[in-house]
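Each of the next two complexes has subunit A plus one more chain, namely subunit B in the first and subunit C in the second.
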Partner chain A sequence: MPLLTQQIQDENDYSLVASLDNVRNLSTVLKAIHFREHATCFATKNGIKVTVENAKCVQANAFIQAGIFQEFTVQEESVTFRINLTVLLDCLSIFGSSPMPGTLTALRMCYQGYGYPLMLFLEEGGVVTVCKINTQEPEETLDFDFCSTNVVNKVILQSEGLREAFSELDMTSEVLQITMSPDKPYFRLSTFGNAGSSHLDYPKDSDLMESFHCNQTQVNRYKISLLKPSTKALVLSCKVSIRTDNRGFLSLQYMIRNEDGQICFVEYYCCPDEEVPESES
Partner chain B sequence: MKCLVTGGNVKVLGKAVHSLSRIGDELYLEPLEDGLSLRTVNSSRSAYACFLFAPLFFQQYQVATSGQDPLRCKILMKSFLSVFRSLAMLEKTVDKCCISLNGRSSRLVVQLHCKYGVRKTHNLSFQDCESLQAVFDPALCPHVLRAPARVLGEAVLPFPPALAEVTLGIGHGRRVILRSYQEEEADSTVKAMVTEMSIGEEDFQQLQAQEGVAITFCLKELRGLLSFAESANLSLSIHFDAPGRPAIFAIEDSLLNGHFVLATLSEPYPHSQDLRSPELCRPAPQLQAHSTPLLDDFANDDIDSYMIAMETTVGCEGSRALPSLSLPPGLQPPCSPGPHSEEEEDEDEPSTVPGTPPPKKFRSLFFGSILAPAHSPQGPRPVLAEDSEGEG
Partner chain C sequence: MTSAVLKCCPVDVTVNRSLSTGKLHRVELLLQTKLAPGTLDVLLSKSFLCAPAVGVSNMIAKLAKICTLRISPDKLNFILSDKLASGGVSMWCELEQENFFSEFQMEGISAANNEIYLELTSENLSRALKTAQNARALKIKLTNKHYPCLTVSIELLSVSSSSRIVTHDIPVKVIPRRLWKDLQEPTVPDSDVSIYLPVLKTMKSVVEKMKNISNHLIIEANLNGELNLKIETELVCVTTHFKDLGNPPLASENASQARNPEQMAEVHIDIRKLLQFLAGQQANPTKAVCNIVNNKIVHFDLLHEDVSLQYFIPALS
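After this line comes the complex of A and B, so read on.
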């Protein structure tokens, strides 16, 4: 313990200090966006946002509000760094990733500022592990300019209803086609693979459909390889909101309830693949 | 064709597809008057499997829309399997399943009506095909074992999943013995373990075979049928004859029946008989017929008189009657290429050239002679000799 106290004695030296009684409240949410090696972290007084991007076409954001942490202080307006997410997750689960009943791993996370490593102090049953992860130059993240006023169609589904659909997606299909319409078929997921096409229809009055607001028929295609990683968020979530805007951009928002019953959000943005020929749908 | 499956039968259908998928890569779907038939054959044509679902299995069963000929089709096993991938899900969420085959759209449409009004529609592309029909008759097999699938399922449980073949035989005191089969050329480390299970006669509902008979077949292909039969709580009957002739594994109830026909190993080697000898005491007369080490599997060509792939375009009634694909080896041109002559060469060489690969063990169920009965190993020899020399 002397080492630990010594290192965190001067709180004011750190631009970010966050502590958490149950590290899984953080690691679970980060796993939901772990489809690329690196992530960019933004911390403000409201909490931390972790962003992962791929192919300039898809972006995933995990929001961990300040309220999730038992202690959360940010000295500056905002703190930004890039980090190897795989390494971060490995460190967060250094005491094992499956929970042992009755034991919690506590976390204290400190970041001194630009050029310094991210320090993690993990404690379980009196054993403390100190991890230092080098941070990297933050990269500019994409702005999808997805604005709720431009949203054309929106449905909220219980994740249960989509989970199986996403895990069984025909990956020989290049695209996932999403049809949203005020009329039949209301909400449809389609794939066009080697074996033929598949359609999955959800009626608007289904018990799985929490809310259904579709104003006009939209048929958009998204690269299936880009959307498949969102399955990770889907399996953790209880509800998902699916929105498309006037440009066909897709927003998937996942509501994740952590072990303490608090709510976190993970969001995926994806740009459409191409114009859909009128005849196919 | 249009059929509707409801409730628990959806899972039964799914399970059948799973067990077929252990055999072949293509699924032959054929609506018949007496039910919907799903068939497959493996790539080496040493295993054939079929399920027939009686019309009563379905909520609604229509062979052909009025005025149309019944269609049959061949689809990729993978794509059909993907519809029924998760059996737990089928049980939990699917209320009914509608399968329709329509010539105009050239799609096999499988529609799953799930909980919460969710509807999954799979439009699977298919190929037109001939009827796949193996000719076999369980009644012609002298030996029959019948036991609840659970008994056999538990008996094969201890065998390692990687194990290819298993020997089934009748041992001392009419106990039924299952033993992992070892290839002669396997190195000694692999030979270190032999697994053997012995089941008492009292566990069998029928045991019509004398002590000493034994067959060796591919376990992997049987596991599929076993797990199906276990889940449906059915009895499995095994009809078999001498080693080298196909064994027929059958299940039946009022709504469906299933037949798996697997090639068995012909064992002309004294060595492999050693393996059996302690438990399976004396070899049966059939085995003695094959006891000369140099005798090749050719003696077992008669399996093909049992089972021939019928690929004809005529309706199924006709197709059951006449063998069209195979030529008896005597009628084949001496240097005809193709699987049959290849096999002949392979098999013949050990008797003439030392150090060549050992003879092939399983014979195709579909290629080869339909004529040559057991006592004519000499028949095709002259032709074979010419072949081999021509090669060399």
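After this line comes the complex of A and C, so read on.
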């Protein structure tokens, strides 16, 4: 790729340089968190974390480890910028979202530092696309302070077990209620919509249940409009870990296997909607 | 000529029954009409191959909502006249009559002006011909059913020996003689750069994504076989570079020798027009050339097996 090397005169000028043989290993994971226009990117020597937030109540993080990239160098301790994720995804998939079999789009991504645009060089079959995306002032992201030591209940499910449930959620219900308990009903998803309530129970010995660690009965409600976007990650993932901490905060961790068999993680955090009135629990 | 009132003659059809079991589905086309002043008397009667006709009509339907069908003894043309934007014809699609029809008869307004111009909604035609994809026979005739129609009757294959016939009446407007001058074959502009197009599928997916970001696009090319598609917005600049495309020999050799091969000729165009053109291209053409007149117009010249297509996109002012 002579054009690519031509345009990158000096690698040391860049605070971030990353290259990928298959751009879909990046774009797929980013699509899983694409529910708002803008995202904040943090790069360290371990990889890139891309964060999207909504309504100060939900946060999605996509982690792309350095090992996913064929080349990954970060000159500073950490590099942070905000970017229009919609535009970034359009650029990454410029050669088509579903490429012809046998053709891969290669990517080289460079960022010179604060105030500079993010440069993308994409190549497929000798055709090169150069994108210069302006970056924005990074915004402070929420700290959910979700600590594994405070986790009360945790289940790991095969994603297929949740996929249908999530795609058919009764969106007329304002909330999704998640019940996790060491006793029956173990793990229950409930909605309260115009057409009535619906409850979906997963027995703890179900084949879909990879692991079940519930210490205490917890009933929490989450705004369904905030959780619905996580379906994007769910459909791509093979496993999902669902955890709640002592404050009722929800963590959904999706394990996504890319086309090369490598594992990436996407994580959603969500605040509980309200205290559940005693009479209903 | 006064507004065309059609008086229909009884149609004289000789159905082509020479069908053997051959794979090619022969189709009969019959077009008959008589204009009130007696100036137009048309009879086309010929068979053609369905599949390519369906392909052409689909392509036209993607390119233009309403188009003009020009019928002359040798050729059929689908024409899109874009009077508002460029003041001229923006699409000129040409089919050699004999590649599609095994029999063909027509009579135009006079021996000197042996042509018929019809305006129709291209989707109606493509929808009608879609039925004909696996047809045994197909007839097209110009009829008058309270208003002028292109009547497409399709004889479908059926498991039983009884045949089924589907008939579509496509309303058409017969275009009077005085408006023909706006519908003549456009002259190919004297281009600054002429270049072969890359694989249209790649180009289409690139332009599709660019359209999400910008309404305008810059297409530029040089005589060194390089073609670039560019968009520039406040947020992002995207350039796709195609190279080693090759340049067809220019008509005026002197002009090409004088030009620096590296120097780009460019046109700013409406990205939707380019995408519309690309979206209509299902099969890869045997030849595809892009001609650029710097800051004026870009002209696409495609040659499919039986169809040639010229498409013009004017520069944005």
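Just so it is clear, the second predicted complex is superposed on the first by the 276 of 281 C-alpha atoms of A that agree within 3 Å, B and C clash if a C-alpha of one lies under 4 Å from a C-alpha of the other, contacts with A are read in each partner's own complex, and residues count from 1 in each chain.
To be clear about the criterion, a residue touches a chain if its C-beta (ideal position, glycine included) is under 8 Å from a C-beta of that chain, and two chains touch if they have at least 3 such contacts.
As the structure is a computational prediction, the values presented were derived from the model and not from experiment.
When both complexes are overlaid on chain A, the residue A:P203 reaches subunit B alone and has no touch with subunit C. Contacts of A:T217 after superposition: neither subunit B nor subunit C is touched. When the shared chain is aligned, subunit C comes close enough to touch A:I94, but subunit B does not. In the superposed model, A:Q65 makes contact with neither subunit B nor subunit C. Within the superposed three-chain model, A:N54 lies out of touch with both subunit B and subunit C [touch as defined at top]. In the superposed model, A:S225 lies in contact with neither subunit B nor subunit C.
Of the two partner chains placed by the overlay, neither subunit B nor subunit C lies in contact with A:T80. In the superposition on chain A, A:V127 makes contact with subunit C only, not with subunit B. Overlap of the subunit B and subunit C interfaces on subunit A: none, as no residue is touched by both.
The touching residues of subunit C, when paired with subunit A in their complex, are 198, 202, 205-206, 209-210, 212-213, 234-244. Taken together, the subunit B residues at the contact with subunit A in this complex read 75-76, 78-79, 82, 85-86, 89, 93, 107-108, 116-125.
Interface residues of subunit A, counted against subunit B in their complex, comprise 161, 164, 168, 170, 193-203, 205-208. Interface of subunit A with subunit C (complex): residues 3, 84, 86-87, 90-91, 93-96, 124-134.
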